[in-house]
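Each structure below appears as structure tokens.
Each of the two complexes below includes chain A, the first together with chain B, the second together with chain C.
Moving on to the complex of A and B:
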């Protein structure tokens, strides 16, 4: 494609000229963005309005299923953090030579219950994280953009391989 | 149809008003509103223009979800009622009309146009672009500024300082354009820009043009992170 261009400033090309440059009319009272002025951070350009602004909804996360699932996914971060803390406690116990005491703590029923929940939450967090990776990663091979499922499949495969290698060495240590 | 009414000076807050609208198989929600306006209550205020999902003017909240009313059919909701409210996250000027000045100011801040530097070519000059170069940004150029993504974004609704999905997607549209030479890191790399996004993903789900603003934001997060450790890396 050849696109006619302008050396500087705004361009209204066929594809380049999106609505952002067009201006809004049709009786809607909308005006186009643009207007090459000074660039300022978003907060600084926030405008105030005399219009009615509803009160903040404190239960916004319960209004739709998508919001609720999002909040639940975010909450699993707490268990991911706990898993890291637990791992650091294990490392500290190994270095201090107090592994027996740590093992006794880890064997308590309430600790097992916490860690079972933490494992499930961490796996859920990891799976959703890896599934979202294609949104941030665009891989092109010879101009062809890899579909999301390929990136997700690669992520999960690599995850399984790394987990298997770690499991091999950890389980071998117990023998 | 249950339509939110807000008349400044008359209503302290929006109230719902019911209207009986014929259920026609080929009527969009916008047709129902036009029926109310033309036949039942001429005082109802709302925006619309093209009726074909191009102008982006008729975005409203339909039964709790941000939708283009010209592309949403009454038959989707059975016998009703269909509840129509203004887009969430924006101040209401009157009835279903919201104030979008905040968005327009944010859109300007990302400089949504091609930036060229260091050359004074004639206006007739052309810049060749391959199909692959076009494909790199074409998806983001489809944005019609309907603001459904802002309305569906809980981050923007809770924190109006957030730069928001459409502004960032349109910034990426130019960042990824081979003809653009601008640097928008100062705006996009701010806390209230891409880093304000918690990746709910609703912006992408409600987008009627399949722009995928969530992807644009996450991609620029990678760019911004690389910029932090590799200062010479721009794109």
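Moving on to the complex of A and C:
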């Protein structure tokens, strides 16, 4: 199932039909058939001009767990964008000298709620995106292929180190 | 036959670069500034301290890179996801222009703030 293996389900060429579009190809194939036998006028009308289009399944992402996870992972990008907006607001406040105002805004309950969700989303994004690296990068040492867990482990260690460095400079820095 | 040049490979490159940057730096920033400090679990740093950080040219450049890459990552994913979720792949060009346009606008804001 590609939705589980690939970062966004469609590496190696755009679209080609997400899960939702899959029905169409099958429909088109069916139209091409019927070469033998007698073609009645009504069948000809049905298979030539408009073609057969199955109805779009509007809830395709709710049909299987894999699709739901795929969509949830894709939607983390909305919170990645939000985090950047929030960060830019913080930077603007620091440069303006209005950090207190920003802190008051950030302490509003709805703002905290958004940011808790944003935290969950960015962590989910980080875990899934960093776990993906071995699929994109094959490291060979003297013919020995580095196993996936080593690359993933390296990525997660790097994530930890970068987070620690950022936290250090934000909270303390070299006094 | 001459192959038509497509911007897609570069957009995918920006997408994955942004994905890595977002994964490495965003969770800790949201955790600190969005959750722990507003909840009072961690004290807000002094404004002067944060101002001092932003005065480093390196920090400014890094922030602009982070903003631009993360926004392109998000724009690319939102473009494809909205097309699949809402079934609007027919309108790829306007959707793409809207998404990448917003990302570029965000990048311009970052450059003007930090430039």
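By definition in this document, the second predicted complex is superposed on the first by the 119 of 175 C-alpha atoms of A that agree within 3 Å, B and C clash if a C-alpha of one lies under 4 Å from a C-alpha of the other, contacts with A are read in each partner's own complex, and residues count from 1 in each chain.
Just so it is clear, a residue touches a chain if its C-beta (ideal position, glycine included) is under 8 Å from a C-beta of that chain, and two chains touch if they have at least 3 such contacts.
Fair warning: this is a prediction, and the values are worked out from it, not measured in the lab.
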First (chain B), second (chain C), both or neither touched by A:152: neither
Which of chain B and chain C A:163 touches, first, second, both or neither: second
Partner chain(s) touched by A:61 [first = chain B, second = chain C, both, neither]: both
Which superposed partner A:136 touches (first chain B, second chain C, both, neither): both
Touching partner for A:53 - first (chain B), second (chain C), both, neither: first
First (chain B), second (chain C), both or neither touched by A:81: second
Overlap of chain C and chain B interfaces on chain A (superposed complexes): 7-8, 10-11, 15, 18-21, 56, 61, 74, 136
Chain C contact footprint on chain A (complex, rising order): 7-8, 10-11, 14-15, 18-21, 56, 58, 61, 71, 74-75, 77-78, 80-81, 83-88, 90-92, 94-95, 97, 99-100, 103, 106-107, 111-112, 114-116, 118-119, 122-123, 125-126, 129-130, 136, 158-159, 162-163, 166-167, 169-171, 173
Chain B-facing residues of chain A, complex: 1-11, 15-16, 18-21, 24-37, 39-43, 45-47, 49-54, 56-57, 60-61, 63-64, 66-67, 70, 74, 132, 135-138, 140, 143, 145
In the complex with chain A, residue positions of chain C that touch it: 8, 12, 15-16, 18-20, 22-35, 37-39, 42, 44-45, 47, 49-54, 63, 66-67, 70-71, 73-78, 80-81, 83-85, 87, 89, 106, 109-110, 113-114
Sites on chain B touched by chain A in the complex: 6, 8, 13-14, 47-50, 55-57, 64-65, 88, 90-93, 97-102, 104-117, 119-132, 134-135, 138, 141-145, 154, 157-158, 160-164, 167, 170, 173, 177, 179, 184, 186-187, 190, 192-193, 198-202, 205, 212, 214-215, 218-219, 221-222
